[in-house]
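Shared chain: subunit A. Partners: subunit B in the first complex, subunit C in the second.
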Partner chain A sequence: MDEGRTPRRGISPRLWLAGGWLMLALLAAIFAPLVAPQDPLAQDLMLERLPPFWMNGAEPGYWLGTDSLGRDLLSRLIFGGRIAFIVAFAAAIAACMVGSTLGLVAGYFGGWADRIISRIVDVWMAFPPVLFAILLVAVLGTGLSSVILAIAIIDWTRFCRVIRAETMGQSRMDYVENARIAGYGRIGIMLREVLPNVVPSIVALLSLEMGIAVIVEAILSFVNLSISTDDPTWGGIIAEGRLSIHQAWWVLVFPLITLILTVLSFSQFGEALKTRFDPVLR
Partner chain B sequence: MSAICLDISDLSAVLPNGQRVLRSVSLAVQPGEVRALVGESGAGKTMIGKAVLGVLPSSVRVVAGDIRLEGEDLGKLPPKARRTLIGARTALIPQDPLTALNPSRRIGSQMTDRLVRILGWNGQKADTRIRQLLDEVQIRDPERVLKSYPHELSGGMRQRVLIAAAFAAEPRLIVADEPTTALDVTVQKQILRLIVQLQREHGTAILFVTHDLGVVAKISQKVSVLYAGKVVEEADTAALFAAPQHPYTRALMAATPRYTDPFASLKPVDEAVLAGLASEIAAADQAWKRPHG
Partner chain C sequence: MLLQRFLIRLLTMLITLFGVAVVVFVVIRVAPGDPIAMMLPPGATDADIARLRALYGLDKTIVQQFFIWLSGVARGDFGTSISLRQDVLGLVFNRLPATLELAIVALIMAVALGGTTAVIGARERGTAVEAGIDIASGAALSIPDFLWGLVLILLFGVLVPIFDISGRVSPQLDLPFVTQFYLFESLLRLRLDLTWDLLKHMLMPAVALALPLAAIISQLLKQSLKEVLDLDYVVLARVKGFSETQVILREALKNAALPTLTLVGVQFTFLIGGTVIVERLFSYEGLGNMAIDAVINRDLPLIQGIVLVFALLFVLINLAVDMMYALLNPRLRHG
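Let's look at the complex of A and B:
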């Protein structure tokens, strides 16, 4: 009479690869002063535009080469990761808290709460996001906290929309009605019955949002609107690399690869986590 | 206590467009009695169940009549007291056992939670109670079932779990809304037998919603026949099958296939009967409109 348990899949290669890269990049960023082979800010005109290690003229200790001021590219990428991850975590968590809460409330309570929240989301999403971000940073002033705030202010709607739709679907399920018959309060049902069923989506979105925050931060620092100009940022390095593309392509290519790998890993990691969190898919 | 377990009188409910979905429904269930509610799809059977359990869709509004649960007029209670009363005295055995269980919570926690949080039992007592009920619904490996998520069980097992959960808090009234329709034919009989068995042992009254007269004959003491939200006939089950009074009831019986020869007597309800019903409904609506504007 029983269907057997569905066999649990092990950790997928996707989760391994994405998680592995993120872990590597994160650890490198955290322990940057210990890991980075050089001082990321030290300029040395004798060492300018050194190529990466496999090419002629490479110097040991400068694995990915140097930029036009003689600064070590690998060290700059590692230190740039610090800002990237701080922004990714802080902005994504802030956007997630605001967006998921509003989405849950709109989806579960419906009616006026839903109408008001949905209208705000519509208006919000009418702004082109990148322009919105640049505008916000211009208003809030440059600096780490205003970049984080800007990303959260723009992107909470992504959480709100998805979580609202999921919550609505869940709220129509019979188990919610059963809980009401049993006499549970509305807020209790929302938090104890419905929320656990939307957590997998929240986790996936959170990870995706971290990737998006990394891109937005890179864009902002690319247009020189991000953090102070001294600390290396991935966007800043890309901007410099663009200027010397013909003399030193590596200064552009390596930060781009780093950025893309990180963003892809975040989104893949989120998807993989979602399937692990979901009791039905797991 | 000799109060009527469930007493619905003159209950009318309307949709936003003013159309009545329940037409002055009156229906009483005595303690420990099984009352079948039979009618074709869309007759309003589920609606009556939802009205009793206090979970009518927001678009449906009760405009007249009242529902008494063991003498308490639900409409006159403040919302919180009503919820508590319904939670303590009633339970639902639903149609679809999959969606009626929370997919992300283990069976055990879902079942005990209700006893602990609603009835204020301690965890130990709730756990013992749940195991006892799982035994009563003939679940042989309670350990595994309690630890499972709903999707890890078969449909029949899920419905057993829900029956156990419904009886666990010793409600006075259970609404069973087509509890076997979503199941395999082979499992249907077992589940039906279980419900009847537990009903007898616990002395619980059941409002049993079905469109299957065969089921009605097997399990109920009383029947209400519903058509378009109106009770067209009400009788002792034996009397109804011996001598159906209303033409619609007779037509329903004629349309019900026998187990021995499933296709022989499958007939649509007669045109004349339907026309008669239509004018009966229209007359009832006329009569209702006068005092209710």
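Let's look at the complex of A and C:
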């Protein structure tokens, strides 16, 4: 990594922007019923395909315009954020728990444990992830918990591979050997000595994974396999926007901007956290 | 040494493929919802359902079904698609060339774009040009292919409509092709009008797939180039009077490329994985698009066949990269 690029102290403007956007989107999602200007499900064919507020023909109260059924786009985006954030947090944490535990065990104990876990990771990596996700949701049935479970089942390998490699590196360090000589048990050393040193990587991956989970959820709702079709989701709005792209471009543009900002923010946040937590880089 | 390494890799590859076959077989048979019931009209009798279940072998136990399927696969028989009622292998081979062409065009773009920006970034190290390349590659990497695809659709499909946003080739064209490798065949037949039409359809999905990979190549290659540029033999070349660009292209690149090569191999499998949704986005008639239809229609034999073909492609790429690395790396070649 370049030392010159990352500020040594304080919070970088990038982190402020990323954190600011995530906080804004999260608060809007939590307080959606209070914040959303309209009912996200209310259809009104008199108001179909209204343009955003700065264009001719816009209606007050429908800031970002409406879709082909006359539903308010801003309200749908705000309510869609609820599902995006629930999936992001739940799926990333679940994938992190499974992947980090297996990575820690494989990296620290080595031998058969490592061989079996690494073989499973190999098998998992041979699946196209998007196809695997679609397949799992088709099998588990659509719904919030299926989406979360599917993402966790697929993406634990990301944590496992990185944490395994890091743990292997840490296990060869002197301090681990010292702890062993001092008479600590193997599991004790793994949890008390090795784990704290791989936490920065886990935290950074966790943030990155939240961004990935948001995308996977959007992809699943794009192919109409996520939550029930009534609830607004970012991917669902994008799918509608893709269909009416020549009549109402805004139905695609605004959810796309929302998704890009969210994904960029999660990845910037992860990078920044990693440099902050990492004693060497700090 | 090299042969031994190859054989070990081949063995682990077979174990991986067997693992994939087991996982996909178990996963789709746990699925609720009866694919047979979906095939028949509502008035079908129980006897009809039972007969059809027997026809597709669904009346046997899951272990029996697995080994019947596996012995078929070993003979090249992947079964019959339930929704399309055609031979799975034939369907897969019909669609695979479209996906391969897309992936290879994307790979070429990624290597060209990533390589060029890496060389420029290394030559202009420490300047605003390098900083600009870093920011661009950071953004290209963080935004996944699905979102790039949508951005491109908006920019070059709607705002400035210069490319086609759906399909593989214009439907009104008369195609003289005998293989499914349309792009390569159009080049061989010198039908450049068709090549252009195919490229106009392929360009945007290929760019969407290429951008994240180009960013990774750019970052890693630039880093290795900068490390190599301080070594004695490169300094010597500079003393001999070569320009900085010549030094990078003639001396530094071949030594800096090796670590990038391994990574490109792994990342290329991710790119192929990305074709599934990107093909869907651009209604491109490839394997990934068919896979999503197969899942939606609960077409078990077709899903199995497609997933296994993807997995085979992935492990073959990894094997090829591993062998290439061993051949190019002097330490392993003579070791």
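FYI, the second predicted complex is superposed on the first by the 274 of 282 C-alpha atoms of A that agree within 3 Å, B and C clash if a C-alpha of one lies under 4 Å from a C-alpha of the other, contacts with A are read in each partner's own complex, and residues count from 1 in each chain.
Quick note on the criterion: contacts are C-beta pairs under 8 Å (C-beta built on N, C-alpha and C of every residue); 3 or more make two chains touch, one makes a residue touch a chain.
Only a predicted model underlies this, so the values are computations on that prediction, with no experimental measurement involved.
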item	value
Partner chain(s) touched by A:L264 [first = subunit B, second = subunit C, both, neither]	second
Which of subunit B and subunit C A:D174 touches, first, second, both or neither	first
Which of subunit B and subunit C A:I116 touches, first, second, both or neither	neither
Residues of subunit A touched, compared between subunit B and subunit C (which is higher)	C
Partner chain in contact with A:A182 - subunit B first, subunit C second, else both or neither	first
Touched partner set for A:A126, first subunit B, second subunit C, both or neither	second
Partner chain in contact with A:E193 - subunit B first, subunit C second, else both or neither	first
Shared subunit A surface residues [contacts with subunit B and with subunit C]	5
Touching residues (chain side subunit C, partner subunit A) in the complex	12, 15-17, 19-20, 23-24, 27-28, 30-32, 134, 139, 142-144, 146-147, 150-151, 153-154, 157-158, 269, 272-277, 280-281, 288, 291-292, 295-296, 298, 303, 306-307, 310-311, 314-315
Touching residues on subunit A, where the partner in the complex is subunit B	1-3, 5-6, 173-175, 177-184, 193, 196-197, 199, 278-280
Complex interface listing, subunit B residues touching subunit A	53-55, 83-84, 86-88, 90-92, 94, 96, 99-105, 114, 117-118, 148-149, 151-154, 156-157, 187
Of all residues in subunit A, those that touch subunit C in their complex	5, 119-120, 122-123, 125-132, 134-136, 138-139, 141, 211-212, 215, 218-219, 222-223, 225, 238, 242, 245-246, 249, 252-253, 256, 259-260, 263-264, 267-268
